[in-house]
Amino acid sequence: MRQATRLFRYQTQGPGFTMITRDLDAWIREVGAREGLLSLLCRHTSASLTIQENADPDVRVDLAAAFDRLAPRDAHYVHHLEGPDDMPAHIRTVLSGATLSIPVMAERMALGTWQGVYLWEHRDAPHRREIAAHLSYE
Amino acid sequence: MRQATRLFRYQTQGPGFTMITRDLDAWIREVGAREGLLSLLCRHTSASLTIQENADPDVRVDLAAAFDRLAPRDAHYVHHLEGPDDMPAHIRTVLSGATLSIPVMAERMALGTWQGVYLWEHRDAPHRREIAAHLSYE
Amino acid sequence: MRQATRLFRYQTQGPGFTMITRDLDAWIREVGAREGLLSLLCRHTSASLTIQENADPDVRVDLAAAFDRLAPRDAHYVHHLEGPDDMPAHIRTVLSGATLSIPVMAERMALGTWQGVYLWEHRDAPHRREIAAHLSYE
């Protein structure tokens, strides 16, 4: 087995989902991996990674609304110096998760038909975000 | 180090937990892995993976009830064409997670005494589900 | 590529966060890993792993309060023999997650500036906790 590492960089536009599926599969092909494991870390505490439906965009609208309810802006947080959107963003990041590990088969991620990999921005303002990626493969 | 990949297939019976611990450990022995890393991806957006207590089944009853409250059926979702159980299933999948990475020691997953690995079905109807598995090992 | 495994043991002091970032990076250096993947499993069903802000401790105060609301103690759980803090601890563990996979670059975890890795105790009483770690590296 061999390995490769890389940083992916994205500019987000405030709250929402950036699909990164194609970038990841392109890197897998570029490296020449047939089978292996792709591991991802979102290097931030107010943006996360998730695997969700890539077809109907309404799913992501409802998902964002659900996370608004689970971690509301007006919950009297102790930590509020960075704005009312900061602490909810930390909570949503913990709930959604910072790391993913995805088997690679036949030169691509072994995702299901309806699955996409998303970087999920939880802050109000646009941010530059980095994802650290590790690929072990043959 | 070497690697192996495999798809596990399960038929679920509607909402609930399917314990897959034994199948995974059996595969590890079959491959002949002494030490390594087992990585799993549930290839769906309305079923998830979780590690939870394998002893008292009441824990899983309460866990399902908690997720019913966290992602209720009647939250006026935009996405509802696939039924009232569909969008809650997506949210529960994000909260529980689609991937796991489990160290292997002494020819089995290094789980704690009370831990089991579960496929968690979030839809009302029975479904055929697939889990992509990757094992790197010596 | 080569691999190494290890158990990390911690004594918790009841509910709260134990930062384990330095222990993990020390092990990576000890093993002599330049690049690779660190995978972690918390071997318990009432304590979890999370990556969160390492700067302002108020973030962790708010995070704990948020999880108190998401999985309250008084939700009439079926499973209550082990005390009113037990079932909420299971739910919080599922929400936060039991496993992490973190790319290693330049002889340390490729964490962002503000990220720390935490063992999160969800039970009221102090507990001895174990984390199984796997490192694949060059």
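The chains carry the letters A, B and C, assigned in the order they are written, with residues numbered from 1 in each.
Following the convention adopted for this analysis, a residue touches a chain if its C-beta (ideal position, glycine included) is under 8 Å from a C-beta of that chain, and two chains touch if they have at least 3 such contacts.
Because the structure is predicted, anything quoted here is derived from the model rather than measured.
Relative orientation of subunit A and subunit C, expressed as the C-alpha superposition rotation angle, is 120° to the nearest 5. Interface residue usage between subunit A and subunit B, two copies of one sequence, is largely distinct: under half of the residue numbers at the contact are used by both copies. Averaging C-alpha coordinates per chain places the centre of subunit A 19 Å away from that of subunit B.
In subunit C, the residues that touch at least two other chains are 1, 37, 39, 70, 95, 97, 100-101, 136.
Those residues of subunit C lying in contact with subunit B across their complex are 1-3, 5, 7, 37, 39-41, 43-45, 70-71, 75, 77-79, 81, 87, 90-91, 93-95, 97-101, 130, 132-134, 136. By the touch criterion given at the top, residues 1, 35-37, 39, 50-53, 56, 58-59, 61-63, 65-66, 69-70, 95-97, 100-105, 110-112, 114-115, 136, 138 of subunit C touch subunit A in their complex.
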